[in-house]
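Data block below; observations after.
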Amino acid sequence: MAQAMQMLETHPWPGHVERETLARCIEECFACAQSCTACADACLGEENVADLRRCIRINLDCADVCVTTGRAVTRQTEPETAILRAFVEACAEACRACAEECERHATHHEHCRVCAEACRRCEDACRALLGSL
Amino acid sequence: MAQAMQMLETHPWPGHVERETLARCIEECFACAQSCTACADACLGEENVADLRRCIRINLDCADVCVTTGRAVTRQTEPETAILRAFVEACAEACRACAEECERHATHHEHCRVCAEACRRCEDACRALLGSL
Amino acid sequence: MAQAMQMLETHPWPGHVERETLARCIEECFACAQSCTACADACLGEENVADLRRCIRINLDCADVCVTTGRAVTRQTEPETAILRAFVEACAEACRACAEECERHATHHEHCRVCAEACRRCEDACRALLGSL
Amino acid sequence: MAQAMQMLETHPWPGHVERETLARCIEECFACAQSCTACADACLGEENVADLRRCIRINLDCADVCVTTGRAVTRQTEPETAILRAFVEACAEACRACAEECERHATHHEHCRVCAEACRRCEDACRALLGSL
């Protein structure tokens, strides 16, 4: 997703946030949206799907907020810090909860292990961005 | 959107939240997602689009968070209160900011007036739900 | 969702499509997005969740395309008929498949019965819109 | 977005589609969703925003269908080929139209040039996937 940084560099508005921090948050939000969508679906396909209800549900919530946040922090025109802060905090919270849940299944389900790592990277990237908003 | 309440009533899990409050929040989130999408597009079509950049941008953010929140509060299986609270707070914040911006253009653009009302209804419904989460 | 028609009436661009047909498609897309999200979640909460995998999966696909289509047909500025036609056809196809799947479980799960009806209404509204695009 | 292939490899269901083709479509859909969101916003920030209405509008449609399609093709459990085919065709159509529009502005706006390339890559990846569905 090299184009995220390119899109920031070619935007007509300068932006107030450190670009590396911002690009990382954008990339991790979209990556986490993908991995949570995939993990919810992989859990649904497991034999013990009934034990994975909580994991599926949090994955679906996390996937949705990651898309919303990834899109909102992509936008550089007329930024409204209060809104962005609320989105990025909600996203970090969902990523934390989703990582914790996936970690509980990581030894049995490799997709949960991979997804937990994506959630942790996204949580970190969100918290880093919160520090510079 | 009468089916939102029906879907709550036919869900296998009982739920801990007062159903009227929840159904209202679901309905207002989806309605606000629609009106913010429409208002961003109507502003884009106005002659003075350059004066409406901030309105368009906040409308797009608000539309996205309303879909995410409307879907998350629709889900009744294995609810995680910390995530839901963060989403509904972010949604209320976006609706408040979007209503304020739309209200500034309400005398010139009827679509901003209608959209501001939808945002205020959604903000109210989110705050009511926060009180019972 | 009375505001969908109001937003069409207050848009600065006249539009080429019969307004009642368009407003109905917008409303049914958002309603179906909600009911499919709810049905996927209700199926996930059922004891026989393992038998409902296909229903959950199609519900998730249908919910996503309904949001995308509901938003796209909401937009009246610079419409591109080829794109809209492709979206509305994809939405009708997903609604048809989701209705058929939900109907198979309608006698056992009331949420599937309610959701199938929402899918059929949305499929009809999409096909009616295709006739006037 | 290296995790897209990992998530495919760790999914409990084998899948009928060539994995490289699928992973590329998933990655390009999410990348294109990001670049179209960014291009719509960058166009909104340009001085000549009034000349970029069509570009903004198609970018918004394309961003939405790319998220929906990227999520749908990510799901491997109980795939329904007719739905997937309709989504991927709609996505390819939106990417083609968005690329053509962005290419018209590519000499004046670097973000349009970068976005057009992302749209072409996504269109290609969608057409390749259609060939193996």
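We call the chains A, B, C and D, going by the order they appear; numbering starts again at 1 in every chain.
Assume contacts are C-beta pairs under 8 Å (C-beta built on N, C-alpha and C of every residue); 3 or more make two chains touch, one makes a residue touch a chain.
Because the structure is predicted, anything quoted here is derived from the model rather than measured.
Engineer: Common contacts of chain A and chain B?
Structural biologist: Chains in contact with chain A as well as chain B: C, D.
Engineer: Moving only to chains each one touches, count the minimum steps from chain B until you reach chain D.
Structural biologist: Each step joins two touching chains, and the minimum needed here is 1.
Engineer: Centre to centre, using CA atoms, which chain is the farthest one from chain B?
Structural biologist: D
Engineer: Provide the C-alpha centroid distance between chain A and chain C, rounded to the nearest whole angstrom.
Structural biologist: Roughly 27 Å, centre to centre.
Engineer: Between chain B and chain C, what is the separation of their C-alpha centroids in Å?
Structural biologist: Measuring from centre to centre gives 19 Å for this pair.
Engineer: By the touch rule stated above, which residues of chain B touch at least two different other chains?
Structural biologist: Correct list: 41, 44-45, 47, 53, 57, 60, 67, 71, 75, 77-78.
Engineer: In the complex, go through chain A and note every residue touching chain B.
Structural biologist: Interface residues on the chain A side: 53-54, 57-58, 60-62, 64-65, 67-68, 71-72, 75, 77-80, 82-83, 86-87, 89-90, 93-94, 97.
Engineer: Which stretch or stretches of chain C touch chain B in the complex?
Structural biologist: Against chain B, the touching part of chain C is residues 1, 3-4, 6-8, 10-13, 26-27, 30-31, 33-35, 37-39, 41-42, 44-47, 63, 67, 70-71, 74-78, 109-111, 113-115, 117-118.
Engineer: Along chain A, where are the residues that touch chain C in the complex?
Structural biologist: Counting only chain A, the residues touching chain C are 41, 44-45, 47, 49-50, 53, 56-57, 60.
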